[in-house]
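In the part that follows, the structures are each spelled out as C-alpha cells.
After this come two complexes, each holding chain A, first together with chain B and then together with chain C.
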Partner chain A sequence: MTAVSGQAPTATARTREDGGVGTDAARPDGRLKVTGEFAYGSDLWMDDMLWGVTLRSPHPHARIRSIDIGPALALPGVFAVLTAEDVPGELRYGLEIADQPVLAEDVVLYQGEPVALVAAEHPETARRASARIVVDYEVLEPVTDARTALGHGNEGPRTDLHPEPTPVVEQSREAAPLRPHGNLIRHLKIRKGDQRDAAAAAGKDIVVVTGDYEVGMQDQAFLGPESGLAVPAEDGGVDLYVSTQWLHVDQQQICRALGMPKEKVRLTLAGVGGAFGGREDLSMHVHACLLAMRTGKPVKMSYNREESFFGHVHRHPAKMHYEHGFTRDGDLVSVRARIWLDGGAYASSSAAVVGNAGLMGIGPYVVPNVTMDCWGAYTNNPPCGAMRGFGAVQAAFAYESQMDKGAAALGIDPVELRVRNAMEEGSIAPTGQVVDSAAPVVELLRRLQAMPLPPAASSGADVDLRAMPGGVSNTTHGEGVRRGVGWAVGYKNIAFSEGFDDYSTARVRLEITGGEPTVTVHTAAAEVGQGLVTVQQQIARTELGVERVVIAPTDTSVGSGGSTSASRQTYVTGGAVQEACRRVRAAVLARSGRELWEDVLGDLVAVLGDEAVEETVVWRHRPTEAVDPETGQGNAHVQYAFAAHRVVVDVDVELGLVKVVEMACTQDVGKAINPQAVVGQIHGGSAQGMGLALMEEVVVTDGIIRNPSFTDYLIPTILDMPPMRVEVLELPDPHAPYGLRGVGEPPTVSSGPAVLAAIRDATGMFLTRVPVRPEHITLSGDVRSEERA
Partner chain B sequence: MRVHLTVNGERRQADDVWEGESLLYLLRERLGLPGSKNACEQGECGSCSVYLDGEVVCACLVAAGQAVGREVVTVEGLADGADLHPVQQAFLDAGAVQCGFCTPGLLVTVHDLLARDAAPEDAEIREALAGNLCRCTGYEKILDAVRDAAGRLA
Partner chain C sequence: MEFLAPGSWPDALAARAENPGAVPIAGGTDVMVDLNFDRHRPDALIDLTRVGELREWSVAEDGTVRLGAGVSFARVMSELSALAPGLAMASRTVGSPQIRVRGTVGGNLGSASPAGDAHPVLLAVGAAVEVESAARGPRAIPVSEFFTGVKTSALEPDELISAVLLPAATGPQQFAKVGTRNAMVIAVTSFGLALHPEQGRVGAAIGSAAPTPLSAVDAQDYAAGELVDLWSSRGELPGGVAARFGELVAAAARPIDDVRGTAAYRRHALSVLARRTLTWAWDEYRRAA
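And then the complex of A and B:
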C-alpha cells in the first residue's frame, strides 16, 4: 500500500451545500434519526423472533458446583437454555488475551459474569425462566485491590486469579506476545535518563513535589443499550446485526466460539447509540448467535440499563504515586511515577491501556529523566478496558495535579510552569520518540488565557438560584460560595500504537445511476454517532467532484475498517477512502484517455456508460514499533493530539457543592474535515471528562457494583453542563490525510483535570481523588484531603 | 389483554398484551413504532418521552393498560408528511444529533417546551430539558437547536 503523498486538494470557501472536506456537511443519517426511523440494534425485529436473556453471577468470586436448568426449561414459552457446555468452539475469547469465557465454566471471577442463556417468546418469560435456573455456588473471597492482587501491598498472601498462562489471540495490539501469569496483565516501564533521585540527577537545588492520586471507575454510559439480532441462515451459518465498534474483531472472536469459518458468520452494523470504548469487547454477540443456532429462530437480545452496567468493560480505576523534581526556576528535571490500573476479572484491552497510561504518563512536557512503572492487574472487580482517552485520562489527573502542586511550591503561575516545560515540535517524548509535527501546547494555553472570563457570580437579592451550586434546591444565595479557575493540558496518541498493524479497507465505486454520477463508499468502519459516515461522503465529494455519494451498509463483506476507537477512524478509514477515490479517478482517466479530472467530470455519463469503476484499498498509517520492555524506548506512536482547558467553578464550601460556570477548550485538530462535528466532539468529550471529575463513578465495594442505574450513576445533565467556549486550531500534520489529527479523545483528557484544579483554586484544598464528592470538600476542616488519604 | 388507543392520529389495537408491559414496549414491539427509545427504562433519561393526552411522559413509566382509550403522539408523529417539523430541522442544522439515541425524546420535549413558551431563556431551556440525558453532545448544540427552533416558530 502506497502512502498518500501530497497535501489536501484546495478546499477553499466551501459551503454546506457543496458538502466536501472542510464544510459542515449534513449527516446522511440525520433525517432518519430525527424522524425515529433510524434502526438501532434494539429496534430490530423479525417475525417469529425470540428474546434472549443472560443469567449472571451475583458473586464476584465463586466456584460453580452445579447448574440445574431443568426448572427453566419446564416453563412454557421457553425454547432453549444454554450453559458453557453448549459452546461448540473455543470457550474463551478476548481482544488481546483469550481469557474470558463465553459462559462461566467452573468459576466466576466477577459479579455479573454470564453463566447461562435463555431464549423465549417474550422477554418476561425469558427473565422468569432465567430466575428459575439453579446455580450452586461456593462463594470465594474476592481480590478487590490491584496492588494487593500484585503483592505490592502488605495484605498477606496473593490469590492468583489466572494461574495458567492464557493464549494470546492473533489480532493482538501488542507486537511482543504476552504470557500473563498470576495477576499481572502488563508492567510497562520507562527508564529514560538518570535513574537516581531528582536532586542527584540534576546535581543542584531541587524542589521535589510528591503526590498520591486516585481515579474512580467510570462508565461509558452510552444511551443505546447493548443489542442485536442473530438470524440463523440456510447455509448453516448465522447473520448477526449488532451495535458495535469493530465488526471484524467481533467476527474473529465469534467464529472461534462457534467453531465456524468466517464465511458463515456474517456481521452487519446495526445503528449504534454511542460507544466511547464500551462496545469494543463482545457483549451479547456470541450469546445471541448460540441461541439462534440452537433454536433455529432469530434471537434478539437487548440489555436494560442495569444489565448494561454489567455487560461492558469500564474505565480502569487508577492509583498513582508521582514525584516531580523541579529546579528553583521551574525546569522539570525528573519524574518518578507508579501507576496501578485495576483491570478487573479479564484482560480486555488492559495491556494497551497500561501502555498508554505509562507512555503518556508524564503529560505533554519535556523531561530529561523519567522513571515510570505502570501495572495492570487482574482482580475480582468488573472487567475494565477501553473508554475514551484510554489510560491517558487517568494519568492526566496525576501529572496535571503535580504541575499545580509544583507551581504552588515554587511560587510560579501554574500556566507559566506548564509553558516553561511544554512539548513542542521537535521535542523528545519519554519514549525517545521525536514529536515530528505540531505540538502547540504553548499556543493552546495562550489562547485560553486570551479568552475573557465569565462575569462574577451574583449574590444576595439578585441571585439566580439556577446559577448557584445546589441550584433550585435553594441551598445558598452566595454565602460560602467561592470561585476558582483551573487549567490543564493533555495529549493523546492517535490510532493504534506499539507496532499494531493498524489498517482500514475502503471500496469505492463510481457509476451512472438515473443519469447521474453516483459514488458508493463501502467500509466496515463503525459509525457510532461521531459522524464517520458524513466524513466519508465529504472525502469522496472532494476527491471525485461528485455530489451524490452513497454510504453502503457497514458489514463484513468488505475488509476490516479497524476499530472505531483511539480517535482513528477519520484518519485511517478517511485515508482509505481518499486513496480509493484517487485510484478510481486514475482508472477513469486512463479509460477516457484524458489527463485532467476536470475535463472528464462533466462528461462522466459518456465516459462510463453503464459500466462501474470500482477500487478497493487497504490503507495503513505509518508503522509504529513496540517499546523496549525494559526501558520503554521506541517510536510507539503515529501521532499526538493536544487539547487544553480552562474551567471556572463556583463552590459552596460549606456544603461541598460545585457549579461549573464555564469550560473553555482549545484543541489542535490539524484539519477540521467537518468543523461542526469537530466542535461537537470537543463539547461531548469535555463533558465526559467533567463527569469523571465531579460525579461519575461505578461504586464497587467488595467486588459488588452499588449503583448500576442512571438513578445512582450520574452523568452530566444539561443543568450540570456549563456554556463552553471552543477554539479549534488547524496546524496540519504532514504525515496524515489532509493534515488531520484525531479529535475525539483529547478533550476528555484535559477537561477533568481542569475541573479538579478549579475546585482546588476555589477551596484551597489539595484534593487528590476524582470524582470529587461533597464530603471531600466539607469534611476537610483544617485537615487537607491529602493527609486523610 | 387487548389494548386500543390512538397513536399519531391513528386508531391502533394490540392483542395478548401482558399486564406488565409498558407503553414503551407496546409502541416499540407491538405497534412497530421504535422511534421512542429504551435507554434506561426507569424514567431517568427521557429518551422515551411521548405525549399522552397532550402531556409529555416517559413511556417506560406508563403501563400499556393505562394508555387504553387515550391519545399518544410519538417522535414519528412530529413531521408533517415529508416535511420535517422546525424542531427536527433545527436539530439537524445545529449539529445537535450525534448518535441520536436521545434525539427522539428531546424532540418531543422541545416541541412541548416551545408550544408553552415561544421564546425561552437559556436557563428555562436547561430546566425544561433537565430530564433528557445526552451522552454525545455536551448539550451545547442542543441549546443552539432549541434557540434556532424558537426563532423558526416565531
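And then the complex of A and C:
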C-alpha cells in the first residue's frame, strides 16, 4: 500500500523507470493536446465534403401533421433534405430499448428531437435551408414529472408516451422486464431482511430519520461537441469517423438503421474531447451516414455548443425518499428508500442507471434490512442516460445526507457513525453479494481525519478576493462568511453489471522495425481524454520489456473494446492487452526455443527477423448475474471501488455564495497503473461532483431547456476548484489485472455530498436539493420568491 | 455579410453612415457570440480595431478622463486603477482573462445589456458617453440617459461610440457583483458606488436588476444627507445608515425571475452589496485622512 500525495505523485512503487506499469509515463497525445495541434472530431475535413445540419423540434411534445421540405430543397447549394421516410432500415434504435427514431416520424417527444436533415455545400446554407423546412405541429401537453408519468401519488389520466411495444435490444444489461407498461422503463426492487418497519424489524428502541432529496439534471459538459465525417465507399458501404465512447455498439445501431451489414459500415475513432457518458448514445452518426449515402459525398456534421445540449443525454434528475432506522448506539438496522429517475423521452441506458441507483442506493454500509424501490420513467423532458457515476451519484446525495441527519439525531459524530456501519471486505452488500476484495471505508475516513485542516479564512480590506466566496466579484471582505466541514464516502460498481457479457478485444503485434523491436497495440477501445492510450503502452512495456509501443488507430477492424464507461477500460481492455502480450511472449519464446523472456529480449532482432508475431485476445472479467426481479438479490457486480471526501467551505450566508476552500480525497485504486493519471481522474471527478452540488444544472421548465449554453450552464472554473489533498491507496483486488480497481467514477460519487454536507455545517440549514443555489442559502428565509418578500 | 475595416475614425463614421444595418465590432466578445449562435446576421460588420485613436486615453486639465471606446478591460485594470478605481474593479469581474484582453468599455456600452459590468460604476461616477456621426459631429450623452431599454441605447443608427468621459476619482469607489460562480460569470445583480467628497455626493447604481442599469436615486440622496456633516470630520458611519442605504438600493431595483436568479434574491443581494460597499468605501475614506 502506498500513499501518493496530491500535487506531485511521487511515492508509488515503480516496477521500472521506462514507462511501464506504475510509472507516470507521458501521454502519447499530451504534447499535441496542450499545444492545440491535436485533431478532434470537429477538425475533420475533406475538400469535397458537404455539411450536414439537423432540424430539431421546438416542442417537447407534438404531433407532426406534415413536413414540407420543398422550400429547403429549392435553396441553391442544398444537396439533400431527408426525413424519417428516408431511413432505409429500422427507424428506431437504442442502447437497451429500440424506442428512439433516427428522425421523428409522427410525434416528437422532447424539445430538440431530430426531425429532418439537410446537406449543403456550406454549413450556413444548410442552416438556412433547415429553417425553410415547414413542419406543421399539433402541440400536445407535455408530461414533465417522473412521478406523475408513473401515476405515483398523483392519480389521474396518464399519458402513455410509448404506447407501441418496442424491442429490447441484445446489448441490454438486465434480466428484469424492461418497459413492462405505460411510462415505466424499469422498476428495481431490493427486498432484504425484515420488510416490516424499522422498529418492528429491530424489535427495540429505534431512531428513524426521514428525508426527501432532489438532484437536478447535470450535463457532461464535454469540451468537444458531437462531430463526425461520413465518407461513402466504393463498395457501397460507408466509413464513419466519429467522436464516441464505443465504436461497436454504434456500428450495430447504424447497421440496423441503414439496413447494411457490418462489413459495409466501418467506424474509426475521431479525436474525442471528453465524454463522461454523453457519447454512449448515437448523435449525428446515422444522420451523417444517411446524407453521405444519399449524396455520394463525404458529409461532416459538427454540433455547436447550443445544439450539443440537445444532442446528447444528461444525468437523470432524481427525487428520493429515504427512511433510516438506527439503534440508539448508532447501528443502522434498516433503510427504506424510494428513488424516481426522470428518463426523459427515450430510454437510452435508463434501465441500467435505475439498476445502479437502486443497487448502490444505500451506500457502502452494512444494513440487515433493506427495502428499495427505484423507478425510471418516460417523460417529455430531455432524454437522460449515462453520466460519470451512473445512478450512484444521485443516490449518494440522499444516503450521505441521511447519515449526517442520523448522526445529528443520535448525537454521534458523523464520521464515527459511518465508521460504525462501514462495509469491509467480507461484508454482505444489499444484493446479498459478498464483498470479496478490499473495502477500506474505515481507512479512507481515518486517513481523511488525519489530514490537517486548512488555515482559517482571512478578512479585512486587504483580503485576497480569490479566496473569498464570490471571488474577484468583490462581494465580501469577510462579512457573513462562515466555515463548514463536510464528509462523505461513496462507492461505485466497476465495469458492466447484472449479467452483461462485458469483454474487450486486443491485438498485439511484436516485430522489428528500423532495427528495433516495436509493439503495436490495436483495440477498438475509445480514448476520450482519460489516458487509455498511455495505459495500453505501459502494459505492453511491462509485459514485453519493449520500450517502443505504437497504438494503432482505433477502429472496427478489430473486435469490440466495449464501452469507455463504468470506469472499466483499464480493467477490461487493460486485461485484454496484458493477456495478448503474454501470448505474444509465449509464441516468441516457443519460436526461440528458450525458456526465459529476459534471455530472448536482448536478441529479438535475430529471433524475429522479418516476421511479426501477433496475437488477438478476447478478454472477459469474471461473470456477473442478473438480480432477482422481486428481491434484487444476486451477484450483480464485478468489483466495487470506494472513495471518500472531506470538504471545507466558506459560505457567505448573507449572499448564499460558496467558496470551496479545500477538497481532500482518499481513494483505493488497487494498483495505480499511472499514478499521475489516477490523481488527475480524482481531481476531475471531484470537480464534476462539486459542480453538481454547487452550480451545474440543465434547467428545464415545461419540457424546455432554459440554459443551453456555457453562459448559463455553469461549470467550475479554476477559481472555484480548490487545491486538493489526495491519498491513493493500493489494496490489490486479486480478481483484477495487476490488482487494479476502476478509478474514474468513485470521486464523482462522494465529492458532491461532502460539499453539500460542508455547506450545511456552515449554514446550519438542512439543504435537500442540489445544485444549491444562492437563494436557497440566504439566511433571511423570506427571499426565496418575490411573493414571500 | 460584408466586413468593413476602416483605417481611421472619419472612415469608420463614413462606413457607419453608409451602412445603417451594419454592426460595429471591436473585441467581438458579445457580437461573435450572437453570430455563432445564429441569433443575428447583420448585413455588414464594421471592424473598429484598426482605428488607433479609439485605443487611447487621456486626462484633461479639468480632471476629466477621456477613455477611448476601444480600450480593453485588461488595460483599464492595469492603467486606470487610480483614476477610475470603480471601473477598474468592474473590469476585473468581466469574463475571463482572455475576454478582458479583447473586450472594451465601448463595446460594453454598445451592447447596452442590463448586466453590462461597466455600467453601474459609470452611472455612479456620473460619466458621459461621447458619440459621433459623420453628419452631425460629436455629442456627449450622460450615461443616465444612454440606456433606453433592454439592450437598447440612445445611440443613433449613424453614430459610433468614440469615448467615455468620466471624472477622475476624488474619493473611494466600489463595485461588487453577485454570480453563481466565483469567476467568469454574468451578473445575477451588481452594484457600483462612488463617493464624491468635494461635492458631498454619493453615486449609487445597480446592474442586472431592471430593464436597464439604473441609479438608486433615493439611496444616493439618503446617503448624502446622512454624510453631510461627516465629510470633513471623517467620522464613523452612524449605525444603521449602511443598512438603510441597502434597503433603499434594493427598493430602487425592478428585478425579474429568470434562469440566473429570482427577483427576490436580486433585491436581497443588492441590499447586502450596497450595505457592504458603502461601509468599505467610507472606511477607506476615513483611512485616507
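Here are a few things to note about the model shown:
Convention: the second predicted complex is superposed on the first by the 753 of 789 C-alpha atoms of A that agree within 3 Å, B and C clash if a C-alpha of one lies under 4 Å from a C-alpha of the other, contacts with A are read in each partner's own complex, and residues count from 1 in each chain.
Everything that follows uses one rule, which is that a residue touches a chain if its C-beta (ideal position, glycine included) is under 8 Å from a C-beta of that chain, and two chains touch if they have at least 3 such contacts.
These figures come from a predicted structure and were not determined experimentally.
In the superposition on chain A, contact is made by A:A221 with chain B only, not with chain C.
Within the superposed three-chain model, A:I97 lies out of touch with both chain B and chain C [touch as defined at top]. Look at A:V108: by the touch rule set out above, it reaches neither chain B nor chain C.
Using the contact criterion defined above for the overlaid structures, shared-chain residue A:G273 touches chain B, although it does not reach chain C.
By the touch criterion defined above, A:D43 reaches chain B but does not reach chain C.
In the superposition on chain A, A:Q676 makes contact with chain B only, not with chain C. Counting residues of chain A touched by each partner, chain B versus chain C, the larger count belongs to B. In the superposition on chain A, contact of A:A292 is made with neither chain B nor chain C. When the two complexes are overlaid on their common chain A, residue A:R127 makes contact with chain C while staying clear of chain B. Legend: residue contacts after superposition of the two complexes on their common chain; A:S709 is shown touching both chain B and chain C. Residues 304, 466, 472, 709, 711, 716-719 of chain A contact both chain B in one complex and chain C in the other. Within the complex, the chain B residues that touch chain A are 18, 20, 28-29, 32-42, 44-45, 47, 74-76, 78-79, 84, 88-89, 91-93, 95, 97-104, 107, 123, 125-127, 129-143. Looking at the complex, you find that chain C touches chain A at residues 33, 36-38, 89, 92-93, 96, 174-186, 188, 257, 259-265, 267-269, 272-273, 276, 280, 283-284. Chain A contributes residues 127, 304, 306, 461, 466, 469-477, 479-480, 654-657, 659, 694-695, 699, 706-707, 709, 711-712, 714, 716-720, 773-775, 778, 780, 782-786, 788-789 to its touches with chain C in the complex. Residues 24, 26-27, 29-31, 33-40, 42-43, 45, 122, 124, 220-225, 271-276, 302, 304-305, 464, 466-467, 472, 528-531, 676-677, 679-680, 683-688, 709-711, 715-719, 721, 723-724 of chain A are the ones touching chain B in the complex.
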